[in-house]
Amino acid sequence: MDKYESGLQVREAVIGKEASQSVSDSLADIAPILDQKTLLAFEEAKTRDVLDMKQREIITITALLAQGDTSSQLRIHIQGALNVGITRDEITETFVHCLSYVGFPRVLNAVSIAKEVFNKR
Amino acid sequence: MDKYESGLQVREAVIGKEASQSVSDSLADIAPILDQKTLLAFEEAKTRDVLDMKQREIITITALLAQGDTSSQLRIHIQGALNVGITRDEITETFVHCLSYVGFPRVLNAVSIAKEVFNKR
Amino acid sequence: MDKYESGLQVREAVIGKEASQSVSDSLADIAPILDQKTLLAFEEAKTRDVLDMKQREIITITALLAQGDTSSQLRIHIQGALNVGITRDEITETFVHCLSYVGFPRVLNAVSIAKEVFNKR
Amino acid sequence: MDKYESGLQVREAVIGKEASQSVSDSLADIAPILDQKTLLAFEEAKTRDVLDMKQREIITITALLAQGDTSSQLRIHIQGALNVGITRDEITETFVHCLSYVGFPRVLNAVSIAKEVFNKR
Amino acid sequence: MDKYESGLQVREAVIGKEASQSVSDSLADIAPILDQKTLLAFEEAKTRDVLDMKQREIITITALLAQGDTSSQLRIHIQGALNVGITRDEITETFVHCLSYVGFPRVLNAVSIAKEVFNKR
Amino acid sequence: MDKYESGLQVREAVIGKEASQSVSDSLADIAPILDQKTLLAFEEAKTRDVLDMKQREIITITALLAQGDTSSQLRIHIQGALNVGITRDEITETFVHCLSYVGFPRVLNAVSIAKEVFNKR
């Protein structure tokens, strides 16, 4: 199994098969290189030591929240966070904790997306 | 002990007595309200459930890295991360993990500050 | 009357009863702490000296415009600006003034939201 | 022909007559000064030396991508890029090149808008 | 008196003769067009109605704070705010008000620059 | 020659041997993975079609300017831009062109770094 196949397995496990396929489909005819690069990123996240997938998904949703204009990615990675075993309360508290550092708008945007994702499951 | 005293104890435990005093001193004659508000933020971080201080400091340094233009705060919270028991490798790996989400400049800035903090201890 | 009740009165006066209720409703089952914190922020805005509510709403819509990815909050605070007595021309001119500091995209986004809010009233 | 008329010709040539008219229409009753200023910006882009319109549109879509929360402007300037002779592959590769500097979310947002624009033509 | 001369008078009145000359000097051999454009921006700020110079400087320092990575410009415009009659307390309170919208790092950066400017006068 | 060696040759050609070595040295004991990843990024920039290195460096310095808080990287890539044959006037004009899209602060920061780099050569 090469790095891309291994990355695909990780991506499917984290964000779900459907979302993973949707990423591939959306990039297939315009920028397949980006699809391949996300596979490598997931493969690396899995194989590198020091942090586990739960810690990594917490870091990911924090980086997305703090950066702003990342609603599509936040939607995917809030799903990912739940899929790797992070609880709804932990996700929400992660966003609440960010309030001191980024202010209400970024936090309320993220909470609103979390609510939408939680309601769909 | 009121919330401010309790917050001061947490702030001293996390960022160190010296840095805590330096925050107070720098704000005393211009905006003491901000000093008080940081104390409440630390008190709340300690007393709220769901996430522990190690998780919170990882979230904090991620939010600072992703936002950009936060070198002073990153310096303080990388110290804070070490003080609550996060290892150097975990801090560095947190920054490396952010690469996919924010790109090299934000990550290299944060790594450069981490290196400076690590070397001083 | 405690700080939360007082904050609720201010929030209702600034952003309107409907929007205020909508904030509470949207956060009630996921992060009520954020609702409470916005109440404290409004209470503080009202009771702190030096700047009046008109100045504060001008500052708020400027901070939202400059930060980006804040359309929901801008919508609410453009309403708030009108409610505390700022004219449509003052709101628009605030955004035009920001052009030199943030460029067209942020300004055009904010003007577009202002137009939508103005048309609804 | 004054600078505004000349700017209008350039704007129509770059972003298309329809989009140009739409910018004017949307600003006419709220902030016509911003419409005039965009005309001057296009006029200047055309008449200043050193960079040609193709280089300028590449720079523009890069600045929009990197800044975030610029989907409306990106949509217009991806059209503009195509209109001045930049190929679809060059636009996509510009976005792919940005990955190292801004990370996946900004790049995927821009690629998604590019795809939408390409499909409409 | 043309627009540039008029703009120079405004710029000198707002940010001070020394800072105004320093802007011109720093841009003279690399991008004099940017110096001219700042003159036009100051001239326009003065001649456009609806907002006065005190309101405009409050808006300016807010936009700079919220955007981040603007320390040089903040230094100049905190001076400008004082020069057009805004008090130190109003400047500080403007920054404190922004806390809810942008979080501690941006606010503490701005307060730190304000303190430096206040101490120099 | 593997991808890392090839990437090193490109990095040395673009940003100069000294700066390339300095990147490696600064990351060697804290995050060598980031050094390796920059090598792959340079290798890819060279080998991928569609855009040449001059176009890529223009895109790079634009993305850095627009993002903010990237002074170290801007310094390196303004050097890189000159090394691949972009003229000083083209660099400055790239920054001037960005004014409409990001405002004065980001542009003046970048011009100030360009001036510093130009003066050193």
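Per-chain numbering from 1; labels A, B, C, D, E and F assigned in written order.
Going forward, a contact is a pair of C-beta atoms (placed from the backbone, for glycine too) under 8 Å apart; a residue touches a chain by one contact, two chains touch by 3 or more.
All values reported here derive from a predicted model rather than from experimental measurement.
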| item | value |
| --- | --- |
| Equivalent of A-E within the choices D-F, C-F or C-D, defined by over half of its residue contact pairs recurring | C-F |
| Selected interface, C-F versus A-D, where C-beta contact pairs are more numerous | A-D |
| Euclidean distance of C-alpha centroids - subunit B vs subunit F, Å | 30 |
| Rounded Å distance, subunit B centre to subunit C centre (Cα mean) | 29 |
| Residue numbers of subunit F (touch at least two other chains) | 38, 41, 64, 67-69, 73, 96, 98-105 |
| Touching residues (chain side subunit D, partner subunit B) in the complex | 98-105 |
| Subunit B to subunit E touching residues, read off their complex | 26-27, 30-31, 33-34, 37-38, 41, 64, 67-70, 72-73 |
| Contact footprint of subunit E on subunit F as seen in their complex | 68-69, 92, 95-96, 99, 103-109, 111-112, 114-115, 118 |
| Residues of subunit E that touch subunit C when the two form their complex | 38, 41, 45, 48-51, 55-56, 58-60, 62-67, 73, 87, 89-90, 93-94, 96-98, 100-102 |
